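In the two assemblies presented below, chain A is common to both, partnered first by chain B and then by chain C.
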Partner chain A sequence: MVVVDARGSYCPGPLMEMIKTLKQVEVGEIIEVLSSDESSAKDIPEWVKKAGHELVEVKKEDDYWRIVIKKLK
Partner chain B sequence: MKSIVIVGGGVAGTITANYLAMRLREEIREKRVSVTIVSDREKQLYEPGLLYLAFNRVEENDILKDIRYLLDPQLELKIARATRIDTEKSRVELDTGEALDYDYLVIATGSRVVPEEMPGLVEGGHWFYNLDGAKRLRDELAAFRKGKVVISVMGIPHKCPVAPIEVTFMLDEFFKIHGVRKEVELLYTYPINRIFTMETVSELVQQMFEERNIGYKTFFNPVEIDPEKKVIVTLEGEEEPYDLLISIPPHRGSQVIIDSGLGDKEGWVPTDRFTLKAEGYENVYVVGDATNLPVSKAGSVAHFEAEVVAENIAAEIKGLPPTARYFGKAMCFIETGFGEATYIWFDYETPPRLVKPNKFIHWMKLAYNRMFWLTARGML
Partner chain C sequence: MKLAIVLASGELEKVQAASIIASTAATFGEVLLFATMDGLMAFKKDVVENKAWKAGELGKGMIQANAPLFVDVLKQAKEVGNLKIYACGMIMDMLKMSLDEFVDVFDDVIGVTKFLGMVEDAKVLFI
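Here is the complex of A and B:
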């Protein structure tokens, strides 16, 4: 699993960080994005759906969101 | 004698240097302080002018100026490429073999486009984010009469966040002026789920695109260009054909930052968002595009940051408390064609609010294009 800690970064920081990471990892890899920006909890799942990857989990932690995705292609 | 070294001869470097010269005039004259600026080129390029050069509205000579002419005579200028910044020894190594020791360092090394990092882009695309690219696009546009033009933002961050919007509006008008707008399809693409990072700007621009019959696609992240088939392939699995591709290529920080281990993965220097000190260093400041801050990579940001850095370094040298802080202030003109413009102003806490595009702001922008050299000289 690859962790993208984008806490403290604002839109579109976390989404762009996640996209950059996704380009680099193998198919089947799990990516966990940590973001303190609320809009990430909406934008990232929306992108994952459009790009055809799997959204594993969106979870609100204390003061940030944990968004887990799996690269499918 | 205290030594201040500024690496970078772009807008951030020259403004900081000139402000320091003003604030430390006496100290420099009495040889208690020296300020040296290192630039790897003799001329400064007014980069916002490239947008106009692509449409043949300004010429190369209008947007280039000898750096020596921009600098206060008390400043020392070294034309050389910095090859390594050694923060342990407080030393900047140059490609001439010379090394400069510093008490205070200002990193103003900027950003650069790396079209070569997008497979097929160099062969299959255009850009206006450097002089050669803008000149090549100018010649292409002058001959283009029919087909599909794709304006594609290939990564964030990039210099001048609003320039892709401006070039799109200007293309619409350029083709109208030449009587071929009906023969030309315009498509704008952006990596995230709206057409600009800031929501307020995005809404208005989207409406203006629709009024002008300009197409747009979002969540559009190119991964390669096929120059033979003239197709953009995206991470989202799309294949977008084009006749003319105007890209905003991926950007990176300067090579010296990467080679010195001072940057993140893309070469941006981790920087304190208020003090503008490089994280972990008390005597190293970062101004302009070189920072990793979530602010626009734009000349106005460099200008406002330079004020803070020069004030604090001068204060420390004079034994005063360095209390100036940067609050994310930025100001951008937005051309909405060749006759009207609007502008946005924002900071860390204040989102931008657009005013209705009008002639007056456009004239202000054209005037500022000429007045800019006074800004570089620290006078405006």
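Here is the complex of A and C:
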């Protein structure tokens, strides 16, 4: 599993950081994105669905969101 | 999806909005950003260095919060997605400017005719 810690970054920062990582990893890899930006926490799942990857989990932690995705292609 | 954005405003809030829409759209498809009028002037090196954009309360807040501003957003988008940024040739000719006077995000200088040809099959946003 790869962790992208994008806490403190504003939209579209967390999404862009996640996509950069997504391009580098193998198909089947799990990526965990940490974001303190609520709009990114909503937008990343939308992006993942539209791009055809798997949204594994979206979970609110204390002051940030944990978004877990799986690269499918 | 092919999206074209005509950025004619230099207000920080609008330039910022254009950069965020462009960068997200560029992760799915082709995006062309055409900077013209005050929208082009927002990219001048001295303006960017001095953060001297026209800005309202929100724009000033963005600068104070040290949020990543549009130049950085667009540079990052170019690494991640398919985004091309063009400067308006008319302004460059009229004011005898060269791309050296602008921050390093532009792919080329083009005229309106060329731009219209490029965006024939695109959705166009005017900001």
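One rule holds in what follows: the second predicted complex is superposed on the first by the 73 of 73 C-alpha atoms of A that agree within 3 Å, B and C clash if a C-alpha of one lies under 4 Å from a C-alpha of the other, contacts with A are read in each partner's own complex, and residues count from 1 in each chain.
Here is the rule we use: a contact is a pair of C-beta atoms (placed from the backbone, for glycine too) under 8 Å apart; a residue touches a chain by one contact, two chains touch by 3 or more.
Note that the structure is predicted; figures quoted are calculated from it, not measured.
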Partner chain(s) touched by A:10 [first = chain B, second = chain C, both, neither]: both
Partner chain in contact with A:19 - chain B first, chain C second, else both or neither: both
Which superposed partner A:50 touches (first chain B, second chain C, both, neither): both
Chain B versus chain C as contact partner of A:37, first or second or both or neither: neither
Footprint overlap on chain A, where chain B in one structure and chain C in the other make contact: 9-13, 15-16, 19, 23, 43, 47, 50-51
Touching residues on chain A, where the partner in the complex is chain C: 9-13, 15-16, 19-20, 23, 43, 47, 50-51
Chain A-touching residues of chain C, taken from the complex the two chains share: 20, 23-24, 27-28, 67-68, 73, 76-77, 79-81
Of chain B, residues touching chain A in the complex: 155-156, 191-193, 197, 219, 221, 223, 235-237, 294
Touching residues (chain side chain A, partner chain B) in the complex: 9-13, 15-16, 19, 22-23, 43, 46-47, 50-52, 73
